[in-house]
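In the two complexes below, subunit A is the common chain; its partner is subunit B in one and subunit C in the other.
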Partner chain A sequence: MIPVCRLADLPRGEAFRLDTKPPVVVFHTEDGEFYAIDDTCTHQDASLAEGWLEGCAVECPLHASKFDLRTGQADVPPARLPVRTHQVVIEGETIHLVLSDAVPNLPFAAGRGPVAGGAT
Partner chain B sequence: MTTSSRTQSLIATLPGTYYTSPEVFAREQEHIFETSWFCAVRSADLAAPGAFRTVTVGRESVLVARGRDQGVRAFLNVCRHRGARLCTEESGTVRRAFQCPYHAWTYNLQGELIAAPNLTSMADVDRRDYGLGRVQVREWLGYVWVNLAERPGSFEEEVMAAVTARLGDGEAIARYDLAGLETGKRISYDVRANWKLIVENFMECYHCATIHPELTEVLPEFADGFAAQFYVGHGAAFAKEAEGFTVDGSAGLERIPTVAAEQDRRYYAITVRPQVFVNLVPDHVIFHRMYPLAPDRTLVECEWLYLPEVVAQGRDLTRSVELFDRVNRQDFDACERCQPAMSSRGYAGGGVLVPSEHHLAEFHDWVRGRIGE
Partner chain C sequence: MKSVAIVGASLAGLSAARALRKQGYAGRLLIIGEEAHRPYDRPPLSKEFLAGSIDEEALSLEAEDEDLGAQWLLGTRATALDGPSRTLGLDDGSTLRADGIVLATGASARELPGARRLPGVHLLRTLDDARALRRDLRGGGRLVVVGGGFVGAEVASTARGLGMDVTLVQSGPAPLAGVLGTAMGRAVSLLHVDHGVRMLCGTGVQGLTGTDRVSGVVLADGRTVPADIVVLGIGSRPCTDWLHGSSVALGDGVVCTAAGATSVPGVVAVGDCASWYDPLLGTGRRVEHWSGARDRAPAAVATLLSGGTAGGELPRPPYFWSDQYGVRIQFTGHTGPADSVAIEEGAVDDRSFLAVYRQAGRPVGALGVNRTRSFMRWRRQLAGARVPQQPAVL
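And then the complex of A and B:
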């Protein structure tokens, strides 16, 4: 279990991004629920922490696929694969995470560093 | 070079090349339109959060948008990545952000870069350094005014003072409640003439008796050739027979209730340099904005503004609108008649101004001063 932040640091409607490898994001929904998923969209390297939280889903800021925070599934293309979900544990005033041990569905370039060449 | 006198009565205009030269036009764009307060958009055209318009100001495309906080902001319409034009539409509404159509750099309504492919993998990049270029904004009279200068001049001194100087009283414009009126009609005129010909035409009335038969019927003193703009605080009185400011002198619409008794049955005209003309009559306001596009081409957007209930009730505005629509067409025809002659050798040295046009020389001196002569 890894500590994330204090409860007071994550108000409703906001996201907290953790620089793990791959990065993870914790959302506090308007309804007061906490969810954690991989921060990187499965379509291209975009941070879902920058996306738009709507109820129990987050819309990717780049091409508008929406991920269900409970299941990690994307609703419409271009993203097809789900993001992993992680377990959120609140202990006292602190938010913790239990990371999933599934294989993440990262987009091709994410986290691989600079790629030489490449074409459209 | 300053305006020289030909005789006591006739003084010189600008030479013809000022109206045709791409080089002069480029200097005007840089030193006039990109450094003045420029009236860009009617505020009501950006009603909801996410509503935007793109306008050409000088050589720049400017994106004007309303934010979630209801504030209006303006930006250079240029993606900070590799320079794609961010918004290509003239107007529209985005749900929450502007996204570049090339590589999807995404900016919020405050112009901040909020997302881009691989952005979080570039740990050394501070996204705050890559927001859209900000342009200064003011809202006044129900319009959004922008200023592209790095250090804009005072809005109060440049815009508000021009209105006060013409009306002779800082409160006079407030009585027409321009921000509270609504657009009853909008007409865009694509005029094949240099923008200065249009300003000059608007400032004088020497032509009124010749080309504006309907207007001089309603405002008989205009037949003498002295424009309302020749004086300070002077409103031209309606003809006794005219019931309202309409094409046939028939009754107009409901009077704007805050218009003062001394403003009733009178017509006032204001020029705010470099591109706004306003006409005030008791029941409506006619608001012109010019967009110079080329040395010989100017777009003029004109709104007829009425009380909200007049517009809501769908009242017949035809005769009211038709008066100034005709005046505009008569004026712009005259400007288009001058434009081809500006490059004639017969006009290389320019023409002359008669006494009722002498106040135009001050405009010419202002242009010269701004473009560095």
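And then the complex of A and C:
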């Protein structure tokens, strides 16, 4: 489990990006829920922390595919593969993460090469 | 409601089908599509698909295991609608009646008036168009793009990437000037200049030359630009001709309320064929953007299922993006000739800037060129700051 930030540092409607490899983003929705997903869109190298958070979904800032924060699934192309979801744990005043051990679906343009069969 | 027919099987039609199921509609669902293809994504047709960097499978709009419980009538064109009885006529001669109808027929690419479609002359709207153009571009040569809208600008960019000799001809003062205004149209068009595209602005086109195959484009001033391939990107028109006599009111597209209702009960319209009333502008407007086709479908479906009583939320302001020469161009909002525009961040010379459009001091639009982060801030701000116009004020 890795510490992310203090609860007070992540107000509703905001995102917190972690420089893990690959980077991860924690969202605090307007409804008060916390979700964590891989920060990089599965289509191209875009940061979802800079996307449009609405309800339980975030829209990629580049090509507008919407990812469901609960499942990581994208609604329509250009993104096709889901982002990984991670578990958020709140302990006291601190937000923690349990990172998924699934294979991430990183885009080719992110410089890490396409991940074959990564749709886990 | 026990049966719904969606006319149009592209992004707007598919999004409507998804919204119907999501909003609890469990009845019969019929999706009629003129093209033989399952729903596919059009924006890549002028970019990655045309360049050959993605294939057709990557264009599919449907998830692999998606099942909407719909009956698909593909390769079938709707030819008539009787509004009061909600009866569709199809090009195979059959008719069908539905309790609810969603009009999502989109728009089609305009042809050059009076010009024959010689070999080597292309429109770009459908997958079949893109396949044909992609095949032709493989031969290389001189490409003349007529029209400086999205299609024209993106095809020019892709063709330069393929190493072709490209000329961009257009009647306006600069590519994209219609949507971005002249000053920003010019600023963005520097990308074409940077990449060696010959630009001929403020020039109409008279016609094409060639007998077996196109050989040139004749400009309004009489000059001829030699061409091996010509792409016509001169706009689109809503696919609504088939609705004449249907009782559905037509203007520039299907006339709709701010929530997608047409003049006929039980018939809604969404996507490029529809002109929704825009409370911000105080008038109807066709929004021909990908995001509008997707994002407005749930509102249109709510209108249909509620019998028109569901109040439509203000749709987000129009938003589009265009990728040219590896540069990301994003625009949101509305702009008119009288608006002022100011660069708020970055610089045109760096090909990285953010510009804000204002009407009487109030922000109404934003343009981002390689500025995704601050552009998103403006996009959200403009969506939050909208004040509906009183419809009566002129």
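Keep this in mind: the second predicted complex is superposed on the first by the 110 of 120 C-alpha atoms of A that agree within 3 Å, B and C clash if a C-alpha of one lies under 4 Å from a C-alpha of the other, contacts with A are read in each partner's own complex, and residues count from 1 in each chain.
Going forward, a residue touches a chain if its C-beta (ideal position, glycine included) is under 8 Å from a C-beta of that chain, and two chains touch if they have at least 3 such contacts.
Everything numeric here is computed off the predicted structure, so don't read it as measured data.
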What does the overlay on subunit A give for subunit B and subunit C, a clash or a fit? clash
Compare subunit B and subunit C by how many residues of subunit A each one touches, and report the one with more. B
Scan A:D38 for contacts with subunit B and subunit C and give back first, second, both or neither. neither
Looking at A:P78, would you say it contacts subunit B, subunit C, both, or neither? Reply first, second, both or neither. second
For A:P23, using the defined touch cut-off, is the partner it touches subunit B, subunit C, both, or neither? Pick first, second, both or neither. first
Between subunit B and subunit C, whom does A:E50 touch in the aligned arrangement: first, second, both, or neither? both
Of the stretches 170-178, 206-214, 224-232 or 296-304 belonging to subunit C, the one that collides with subunit B: 170-178
Residues of subunit A at both interfaces, subunit B in one complex, subunit C in the other: 46, 50-52, 61-63
Which residues of subunit A touch subunit B in their complex? 17, 23, 39-40, 44-47, 50-52, 61-63, 109-111, 113
What does subunit A use to touch subunit C in their complex? 46, 50-52, 61-64, 73, 76-78, 80
Using the touch definition up top, name the residues of subunit B that touch subunit A in the complex. 96-97, 99, 104, 106, 114-121
Considering only the defined contacts, which subunit C positions touch subunit A in the complex? 11, 15, 41, 43-44, 58-61, 63, 290-291, 294, 319, 321, 328, 372-373, 375-376, 379-380
